[in-house]
């Protein structure tokens, strides 16, 4: 009996290590970006029936697990409010150090409102650099102005 | 007597509202990007003597305040571990929802290590879109592999 | 020197008590709902120049304070993550008790996504009831589906 | 041996995914609103014997589980004080941003007291809108004045 | 300029120490119980105009302070979620040790619902006892059943 | 193997739901108040051998479980510092709102010291009231003065 | 205007540094132990009129400050739940490491109950030791058994 | 497979309840004080091979468990930063109320430094007293001065 | 099914106790320092295939476990933000007491930037000393200057 | 009136920026290492009379401030339990990632006990490196074995 989406994520992660699957291969099979596909497998996005079945094949999941992949999950992938993992912490640090800067510049350009984290996409690529390759991430979110009423 | 970089940030923010200065104008005067310039004015980066003096002129700061702008500040711009401001919270949410995805994809591409938040730059632009303009942010950080010893 | 929007909120709240102003009168003067107007005066919304000047007149604010009313504020009106005030706590309790219910029903009706807190309005009215009058609050937020990419 | 209401909630949620049951169908069977019915199934309300037995049939629960549905549960449906799930967080954000506004307007209309979260009902509907459908939630709670003694 | 009810509480507490006023004398003057009167002076209840004026006389408060006494305050009298003061901590401990007992017994007697903390009164008296006098506190709160809808 | 008093509490609570036992019946069998008896069953008090054996009979506990009932337990019955359950929260709220009032009035009557939570008893009764029945709780704790040395 | 016992503690601490007073001299003047006297000066105990006046003389306090010394203070001398100061942290660590041991041994000797922190005294002395002098602290608290009712 | 010292502590505590062993008997068998012996059994000290084997006999532990008793454990015996158990809380309260007093008096006697919690011993005894027996605890820790370099 | 790196760490720690393996022997077998090797076994570093197989042999791990050793783990080895174990706490205390000193001296020598915790190595040795042997730890991290852009 | 060591730290930091003093120059004047001297100026160590007077001359402090420099301060230099400043955070991260490694290796070499943070010194130097200069920190702390008694 599966009672929680996390159990399906555990199955996927476990199968991924045993089988040596790559996220980019999963992405190709379900026909979405590697960013969305990984997030969906890790329990942050709901899949369509077709996507769920393909993922189920890749990781040899039960029908019950495949059904869970189509449910809108309880999101949030971190075990603590301030992440302890150094890679993820650097992103938290960016929000901490640059948070007020992002706020100022978005308001200067767009006025009061936010950048959506829902109508959002991102793209992560390797930028070759003789001084050491770089991680490039492009984030794109719709600006949503505060409604006056 | 100034005892804390925050006091200089307060002076800058206060003068900015009174004078109606734009961050992009500050950036132009000191010859850096608007992202770095804003972060520096908000107490997250140390300025060179020349940069500090120009900022001092724009905001009519005292010599003591200009000296403080050249000190490496105690960084971190948020009053709480989980930010309450909706615009900044969306960025925290992105780290929470996509944190493990970023970790997986960077490791898949580069191996164990992190994306630097120090050897880092970012660029925020408006992308026009008939369904509503979008905020685009490009982030670039050097990949640093864990050292084996 | 004003360095923080909270200082302007303090001025407004202080003047309101001394002068016995009603929020609904403020709303009428600036031509918006009482909900938006109160939130704006309490530092949660940015005002237009015209709105800010009218509010400035009502509460006899300085020009500097009026300038601050037009700045997108750092939002979040509560001093603690779990509010201690009984009236506000009841709202937190509703989120705690009904949070998963709201999630289930919105997903059942709309699929994966959220109800916007930005493209949002609310209307609070008194409903007369012989067993004790009731507070009625209508909340309306645009549904935003998660983007697949 | 069932030792905790959460175990019954897990059984219900698990069966719901496997069987593809809708909350609105559960509501119809037990003759209550979809809001109350969902909250009750998710462990936030106690059911009558009759309601519990009907729910037990829908989800094929054991007699022991049906007995637990009639116990007043330890309420609170969120794993963290500040919810991480984006849909639920928006509601928390509304309390954070509009909390003091709700307080001011209820006091202005009713005097000192609270809006009850116990003598309370809510109704969630879809409002069609050419610019994107909206989630409408009507909340109704009895006003309870502070007793003077 | 008074910007916060806490400032008026500070004035009252300060004057009380200097003048050696007793809470029970305040209660007599305003014609309410010593429990309600003390809570009101400490910023937890709103006073009527007449009550506020009498309190103003006792503690020689300004008109502005007297106006603040009539405002519904932001309640919650403790600086930390878990109180450090030993006397107050014992009450927190009672909730911690006996909380589930209170829940069980109220539900056994009344069914699902709560004991109101709003339609509530309490009475504290000294009970003489040869083995050491005792503090007796009688608390009375209306039972509020959960509404089914 | 039982390693924790909580496991015995789980057994009792589980058996209570299945058998439909009332706390007041348990109290009668062990010859103590319903308040003390419930707290003891819920793992907050240590029982005598005789009491433990009677409780063991009521709930059909093993000898090992009966032995555990006689051990002074690690007390504290709440899973979070601020309780989420609305019934228990109201008690926490009373401590928060009235904590400083209790402190002032006990000190005014008795001087510096505390009301004991150990040499303590309480009695919960239903008070019939045409406007809605009330929960009455009488708490009695020995006053303990701070020792000067 | 003094509004808080902490302000008087600040005055005492400030005067102590300037004048080079020793706590043991304060103790001698007021005729109590150095432990109680220091705690009282640091805002953790209430003084008698006579004691307060003598302390007032030593530190040249105003009459208002002397009046505050006689008020039962809001106790708790640490700014954070886990103390950061290494000397005080060692005591917290002792509670953390030996807390369950103290619990087991007191229960083994006395049965269920606590060691009072109110009917309590302590005595700190230097024990000379060729391997390095030792701090010896004798703590004595009345055992209070849990009342059965 | 034992993966954590806590599992061995659980075995010891479970066997102790079933067999009715006393800590003072354990202490006698291993030839150390009851304080050290109890702390060691509860997972706060590492035992020698000989001590571990004797403890293993008393509680009928497996060889694997006996091996774990000789490992320096991850210390800290409390489940929350502020302990909820009333007996242990009183010790936390002593640190909170008397922490600054201990700091002042140790510095007055010894200068800057700490009292060691490692080169430390304690002795808990019952002091008979006609007004109620007392718990006496003598703590002895080496003074360690801060090194200047 | 292994779903988490922590499970492999548990297997290693358990086997280490049973077999009496030394970390320095593990280090020798995999040909890295004892510091890196221990951290890697404890789930803080990713191993190469060859290293993982050798570690698998030492601790008799399954192929699945060996596969997990090659995955970049979710790092952070402490169960609480402030560690309770005395040995590890002393390191936290050093950061707390000397953190601002390290910041000042690194900035004085290098300008604004950080010492890398990724391009980092450390070496722990015993320094013999007649007054008591000392732990010597040499830490070496690359200086990373903040990038200006 | 100085009431807190932090006020003196503020004076020193403020004067240091205005005068452009270097920590290494302060160290030279008082004849101690730059590490100890900086920590002492930042309020983490107590100075001798002679040291305090020299520091007073460098930063032009009042006699009262010089007296405060000789008092053992309340230590802990960070405003939050998890530091937000990136440079200091890296040290916290090292404790988090390597904490259990340090524990294992110290126990393997020395047995159960700790490395002292009191009988401790450290030395920070620049190591030139063609791939980028490195920060080297040597830490030396006395090993303190747990006492058996």
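Of note:
Letters A, B, C, D, E, F, G, H, I and J mark the chains as written, and numbering starts fresh at 1 in each.
The working rule: a contact is a pair of C-beta atoms (placed from the backbone, for glycine too) under 8 Å apart; a residue touches a chain by one contact, two chains touch by 3 or more.
Predicted, not measured: the structure shown is a model, and the values here were computed from it.
Under the contact definition stated at the top, the chains bordering both chain H and chain I are G, J. Set against one another, A-D and C-D show the most C-beta pairs in contact at C-D.
Note: centroid distance chain B to chain I, computed from Cα atoms, is 31 Å.
Averaged C-alpha coordinates put the centre of chain E at 53 Å from the centre of chain I.
Centre to centre, using the average C-alpha position, chain E and chain J are separated by 46 Å. Centre-to-centre separation between chain F and chain H, using Cα means, comes to 29 Å. Residue positions of chain E with contacts to 2 or more other chains are 35, 71-72, 74-76, 78, 81-87, 93, 96-97, 103, 107, 113-114, 116-118, 120, 144.
Across the interface of their complex, chain A is touched by residues 32-33, 35-36, 45-46, 71-72, 74, 100, 103, 107, 111-114, 116, 118-121, 144-149 of chain C. For chain C in complex with chain F, the touching residues are 82, 84, 86, 89, 93, 96-97. Taken together, the chain G residues at the contact with chain E in this complex read 1-4, 64, 67-68, 71-72, 74-76, 78, 81, 117-118. Those residues of chain E whose C-beta lies close enough to touch chain F in the complex are 22-24, 34-35, 38-39, 42, 44, 75-78, 81-83, 85-88, 90-110, 113-117, 120, 122, 124, 126-127, 129, 131-144. Listing the residues of chain C that touch chain E in their complex gives 10-11, 13-14, 17-18, 20, 80, 82, 84-87.
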